[in-house]
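Take this structure, written in C-alpha cells, and hold onto it; I'll ask about it next.
Chain nomenclature is as follows: A, B, C and D, assigned in order of appearance, with residue numbering initiated at 1 for each chain independently.
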Amino acid sequence: MPTVLTYSQAYREGVAEEMAANEKIFIMGTDIVLRGGHFAQVFGLGEQFGASRVRDVPISEAAMLAAGVGSAVCGMRPIVDLNFLDFSFGGMDEICNQAAKMSYMFGIQVPLLIRATNGIALGGAQHNNVIESWFAELPGLNVVTPSNPADVKGLIKSSLRMNDPVLFLMHKALSGLRGNVGGPDDLIPLGHANISRAGHDVTIVTYGVNVAKCLEAAERLAANGIEAEVIDLRTLYPLDRDTVVESVRKTGRAIVVDESAAYGGVSAEIVASIQEAAFDYLDAAVVRITAPHAPVPNSPALLSAILPNSAGIEAAARKLVEVA
Amino acid sequence: MSTSDLAEESSVAAAPAMAPPPEVLREWLGAMLTIRRFETECVRLSFAGKIPGGIHSSEGQEGVAIGSIRALTRDDVVSGTHRSHHHALAKGLSLRIVMAELFGRDDGLSGGRGGSMHLVDRSLNFLGSNGIVGAGLGIAMGASLAMQMQAQPFVAVGYFGDGGANNGRVWESINMAAIWKLPLIAICENNLYAVETHISNSMAGDSIAGRAAGFGLPTVTVDGQDVIAVYQATRAARERAIAGGGPTFIEAQTYRYEGHNVGDVQNYREKDEVAQWRAERDPIARLRQRMIDDAMLDDAQYAGLETAAEEAVADAIAYADASPWPTGADALTTYPTNV
Amino acid sequence: MPTVLTYSQAYREGVAEEMAANEKIFIMGTDIVLRGGHFAQVFGLGEQFGASRVRDVPISEAAMLAAGVGSAVCGMRPIVDLNFLDFSFGGMDEICNQAAKMSYMFGIQVPLLIRATNGIALGGAQHNNVIESWFAELPGLNVVTPSNPADVKGLIKSSLRMNDPVLFLMHKALSGLRGNVGGPDDLIPLGHANISRAGHDVTIVTYGVNVAKCLEAAERLAANGIEAEVIDLRTLYPLDRDTVVESVRKTGRAIVVDESAAYGGVSAEIVASIQEAAFDYLDAAVVRITAPHAPVPNSPALLSAILPNSAGIEAAARKLVEVA
Amino acid sequence: MSTSDLAEESSVAAAPAMAPPPEVLREWLGAMLTIRRFETECVRLSFAGKIPGGIHSSEGQEGVAIGSIRALTRDDVVSGTHRSHHHALAKGLSLRIVMAELFGRDDGLSGGRGGSMHLVDRSLNFLGSNGIVGAGLGIAMGASLAMQMQAQPFVAVGYFGDGGANNGRVWESINMAAIWKLPLIAICENNLYAVETHISNSMAGDSIAGRAAGFGLPTVTVDGQDVIAVYQATRAARERAIAGGGPTFIEAQTYRYEGHNVGDVQNYREKDEVAQWRAERDPIARLRQRMIDDAMLDDAQYAGLETAAEEAVADAIAYADASPWPTGADALTTYPTNV
C-alpha cells in the first residue's frame, strides 16, 4: 500500500531517512526544533535526532550559510534551512561566492543542501521574490524545484547524496498538497524532467506550482481534442533540455509557464534552448506565460490578477494550435 | 481619516521631560488601549479569514511604541519591523486605512499591495513596517543621514527585535550612525523571543545593550513596560541627537502576549510566563494604576477610554469590510515605471 | 572641439556636472575620497565637493546601501559606489527588497544610484560574477551598462535624474577606453539601444565590453561582403526590444553576445523576445555566444579561453548567413 | 614539494607555551624572512607583469601569521583573506606551487583557476585565502562546527582585518561561535587601514577587541609585531578551544608596509609612519635582536637564514616561470560537474 503524505511531510520523511542512514547530515535553521520550520517541514526531527543534529540558529543568514559551507568542507553534510528564499539575500555571498565557487577554484566539493520556501503566495513583495533562476544561472549550484510529494521525497534523497551545493526549493502554495510517495530506495535523480502528461499537439514546459495548473489546462484541452504534453522540469539545474527539445520536435509548438516576472529567468532559457535545438520543427513562436514585471502584491485580489492560471494556459494553447 | 485615529502629538515633545501632564498621559493610555484592541481584533479577524496571511500581534508591547513615538514630532521618521502595527498606529496612521490594508482592500494604505508587514504613510513620516528582520533600522539610519546632511532638526527612529540583534546588518548600521554621529535612535524591542527561540539560545554576551556599547554610542536599557520610562529615554536621545550628539541605542525590555504570528502553537514557553507578564508588568495596567494613584484618572474615565478604543476599532473594521477589493490593473503595471 | 576622456573620466565628469547642478547628490563608497575609487572613477571629487558629499564608508555593504535607501526617500540623491558588483552580495536585501520594492508597495520613489564595476577580467571567480541580469530581471530596478565614454557620460547624467533606483554598471576592462564625450546638456535617455553599426545581413545584439568585439567582427565580415548590424543595448532595463526586433525583421538572422554563463540572463531574454516578435522573419535560430557555465578563472590563459571573441562572433555570423 | 617550503611544525604545539627553544625560534625567523622575501619579490613581479592582477602584500604582518600558525597542528584549519600569502606559506604551502598559481600557470595550486586571493591546500587544511572581506572567518567558523560535531581535537582559525571588523557577517559568525562554544580562533589583523581608510574613520567604539567582548567570548589584544606574543595568545586560545572552552577573539595589532595592493599611491599616510613601524616594531628585527641578546643567534646564522630565504624564493620563481600556461579545456567544463 502506497504512503500518502503532504508535500511538507514528504520532505520530512526523505530527510529523516537520509539522516538515519548518514550521521553526517544535520540541519540548521531558525525555529526548526519545536516548530519544525514555518511549514512544519522538519516537524518532529528535533526530537528524533536531538539538539546537535537539528539546530535552531540565530537570525544570521550569512553565518548560518557560512556554518554550512565550512562544515560541509570538513566532513559534514549540512542542511541549511533558510525558511523563505528571500532570506538568501542576507547570505548571498556565502551561497554564490563561497559554496558555488570552491569546487572550481579549489577542487573542494561542498555537499551543502540549502532548503528554502519559494514561489508566490500571501505575504507581500518582500517574501515573494521569484529568484530561483538566479541560482540556476550562477555556475556552481544545483537547483531543485519539486511539484508534488513523490518528487519531493525522491529528489531530497538524491540531493542529500550530492557532493555539490543544492538549493532545494519548495513552493509555499504546495506545502499541504497530498500524494503518494516512494519508499526508502526510491530516488529521483537530478537533471531528469518528468513528462507529467503525454501529448502530441503542444508542449507545455513548467515546474513547481504551475505543473498542476498546466495539467488542469491539458485536461480541458483534451476535452476539446487537443493533446498537450506537460513537462515538469523538476530541477532547474541541471536542466533537462533533451526531454524538452524532443517533445517540441514532436509537437512543433511550445508554451513555457513560469511565475517569474516577464524578463529572463528560467522561462527565457527554455525558450532560447528550444529555438536553438528545435528551430526547424517549430510551427510558431514559443509562448511565455509569466507574471508581469512588477513586485508581488499582498491582496488576494491582486495576486490572482498576476499569476498564470489554467484558463490562460488553455487559451494560449488553443490559440497556438489554431494559428500554427 | 477617522477622527479616532491616534494622532501623533507634536506638542508632547515640547512638554517637560519628567512629568507629562494628566491629559497627555490620558491620551497615551487611550492610545495603548486602542492598539491593544486593534491587535486582539486583528487576531480574531485573521482566524476568521478576514485578514489574509495574518499578522504579528504587538499586544504587550504598546508601551514601547507609545512611549517612544510620543517623544517625537511629526517630522521625525519612524521605520519599523514585521511587528509594527503599534508603531504605525502610534505614529498616527489611520485605523481605518490600516485595517483596510490588512484586509487587502482598495482603500488600504497601499490599495492592498502592501499588507501587514508593509504599512506606510509618507505624510506622517512612517517609512514603513518591514518584512525583513533588521532592514527597518537601516532605512532609519539612512533617513537620519539625510536629516543631518540637510541640517534638519529631526531624528529617525528604527526598531528591531532581540532576534534582529543577531543580524549583522544591524551592527553595520549602528556603527555607521556612530561614526557619523547621525540623529538616529535605535530601539531594540527585546521581547525575549524570536519566534520560538529564546534569546539565551541565540545570543552570546551579557545583554543586547552591552553588545551595543562596544559600538561607541550612548546605550540605555529601559523597562519597556513602563511607558513613561520609554518616553523619557527617547526624549533624552532625541535631545542629544538634535544637539548634534549623535545616535542612541535603547534596549526596551518588553514582552509579546500573543504567539509570533497568528496560529503559533507556543510550545516554547510556559503559559505561566505569559500570565505573569500580563499580571505584573502590563504597560496599560501600570499606567492606569499610577494615574489612579496620582488622582489623574478615575474608573469612569478609564471606561470611557476603553469604550472609545472599542468603537474606533469597530469603526475601522466596518470601514475595511465595506471597502472594495482592488482590481488587478494596478498590479499589472511594470516597475520601475520610469515616469 | 570635442573632449576626449576615458570611460572612467567620463563618469567622473558626468557625476561632477550633476553634483554641481544638484546639491542633493552625494557619494558614498569605500576608498573614494583620495583614491577616487578602485578605477579612479571619482578621482578629485572628494576635494571638489568636500567630505560631506563624498564619503568614505566602512566595509559595510548592507549599511551603505541602507544609508542610500533611507537618505533617498528623505530628500537626498545618493550614489552608492559598491566598487565591484560582486560586493552587492553583502547588501542584496537593501537593493532588491528595499530599494526595488518601495515604489510599488509604498508609492515612494527611491532616487538611489548604485555604481559598480562589472564584467570579466583578472581577479578570479569571486570578483567576476556576471550577475547584471539578476537586477534586470528583478522588478523595480533600472540597469545601465555603457560601452564607451560618450555613453557613460550621457547615461550617468540621465541616471542621476531618475526617480527610481538605477544600477550603473561599468565594465572593468573598459575603464581606460578613450573617446569623445558630450557636453553638459548631452543626455542619453535610458531604454534606447544604439545601432552602433548599420547592416542588413545579420543582427548582432550585445552590450558593454562586447560591443567593440562585435564591431571588430563586423568590420571583418564587411570585408567579406556581409553587412552586420550591431546593436548596443546600453540599458538592460528598460530593455529596448523594439530596436532589436525591428533590426531582426530586416536581417532575418540574429546573434546575441554576452559574457554571462550559458544559462538564462540577458541573452536568453533577447532570444526569447526576438522569437516572440519576429518569429516569421527569422531564417534560422538565434545564436547565443556566451561564456561557459563555469566560474571565472584567474589565469589570462584560461580567461581568453572562456570569453567571447571577435573571431568566434565572425565565424558564427558567417555560418548563419551561409546556412540561412 | 620543494624542501625549502615553510613546513608547518606540528611538534611545536606540544612545546612549552612560554619559552620556545632556540631551534624553534630560528625556524620562525627563517619562515618570516622567507615570507618577506616572497612578498617583496611578488611586488616586483607584479610590476614586471609576471603576476597578472597583482597581489596584496603582507610585508610587515609576518609575525601574526607565523606566531599564530606555529601554535597549530597540521589538522587545524586555517581560512584567510585577500591578504593571505603569509598565512598560506606559514601553513606550509609550497612556495613553488603558490608562486606558479600567482603566475597563472598550470603547476599552480589550482592550475591558474584561483590566483592570489584564492590559494588553497586541502591536504594542509588551508581552506583558502578569500577575495571577500569577512568571508574567511565564516568558513573557519563552519569548519570549527564540523570539528565539534565530529569530536575532533582540532581548531579552526579565521583571519580578517580591521576593515572586516565593520562587516556584519563577521559579528554573526562570532556570535554563532560563542553560543555554540565552537573551537574557533578569530584573529583580527588590525593593521590600522582598510585600503585608504584609517580605522578611526570607519569604526566607532574604543577598540575592535572591546567590540568583540560584547559578544561574550574571551578576547585578547596582542602585539602582532611580537611573534612570540602572538604564539602564546594563540596557544592559549587553542588549549581553551580543545578543552571545550569555546572560541577566542584575538586582536593582533600589526601594520602593512606596502600599499593596499600593488600600485597603491598611499597618499593616505605619511612616509614617516611606515618608516617608524619598520624601524621600531618590525617583527623580524625584533625577534632577531631578542635571539642575539639571548645568545640564540649569531650574525652568520642570520645571514644563512636570509640566504636560504632568497634562494627558496628564487627557486619558486624559476619554477613558476618554467611552468606552462594552462590550456582552456579545464575552464570549459560546466559547474557543478555533478559527478
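Just so we're on the same page, a residue touches a chain if its C-beta (ideal position, glycine included) is under 8 Å from a C-beta of that chain, and two chains touch if they have at least 3 such contacts.
Remember, predicted model here, so these are calculated numbers, not experimental data.
S.K.: Looking at CA centres, what chain is most distant from chain D?
M.R.: B
S.K.: As a quick test, compute the distance in whole Å between the mean CA positions of chain A and chain D.
M.R.: Centres of chain A and chain D (C-alpha means) sit 41 Å apart.
S.K.: Counting in whole Å, what is the centre-to-centre distance of chain A and chain B, each centre being its mean C-alpha position?
M.R.: From the centre of chain A to the centre of chain B is 37 Å.
S.K.: Just curious, how far off is chain C from chain A if you go by their C-alpha centres, in Å?
M.R.: Centres of chain A and chain C (C-alpha means) sit 30 Å apart.
S.K.: Where does chain B touch two or more other chains at once, residue-wise?
M.R.: Touching at least two other chains: 113-114, 118, 130-132, 166-169, 172, 175, 179, 201-203, 334-335.
S.K.: Hunt down the residues of chain C that sit against at least two other chains at once, touch-wise.
M.R.: Correct list: 57-58, 60, 62-63, 86, 89-90, 93, 97, 100, 104-105, 124-126, 139-140, 292-295, 297.
S.K.: What topology does the chain touch graph have (line, ring, star, complete, other)?
M.R.: Topology of touching chains reads as complete, every chain touching all others.
S.K.: Where on chain C does chain B make contact in their complex?
M.R.: 26, 52, 57-58, 60, 62-76, 78, 91, 93-94, 97-98, 100, 102-108, 139-142, 162, 164-165, 190-191, 238
S.K.: Report the residues of chain A in contact with chain C in the complex, numbered from low to high.
M.R.: Touch residues, chain A against chain C: 86, 88-90, 92-93, 96-97, 100-101, 104-105, 124-126, 129, 131, 133-134, 136-140, 237, 239, 260-261, 263-269, 271-272, 275-276, 279, 282, 284-288, 292-295, 297.
S.K.: Going by the contact rule at the top, pick out the chain D residues touching chain C in the complex.
M.R.: Against chain C, chain D makes touches at 52-53, 104-105, 108, 111-118, 130-134, 163-164, 166-169, 194-197, 201-203, 264-265, 267-268, 325-335.
S.K.: For the complex, give me every residue of chain B touching chain C.
M.R.: 77, 79, 110, 113-114, 118, 120, 122, 127-128, 130-132, 135, 137-147, 149-150, 156, 168-169, 172-173, 175-176, 179, 334-338
S.K.: Tell me, which parts of chain D touch chain B in their complex?
M.R.: Spelled out, the residues of chain D in touch with chain B are 166-172, 174-175, 178-179, 201-206, 210-217.
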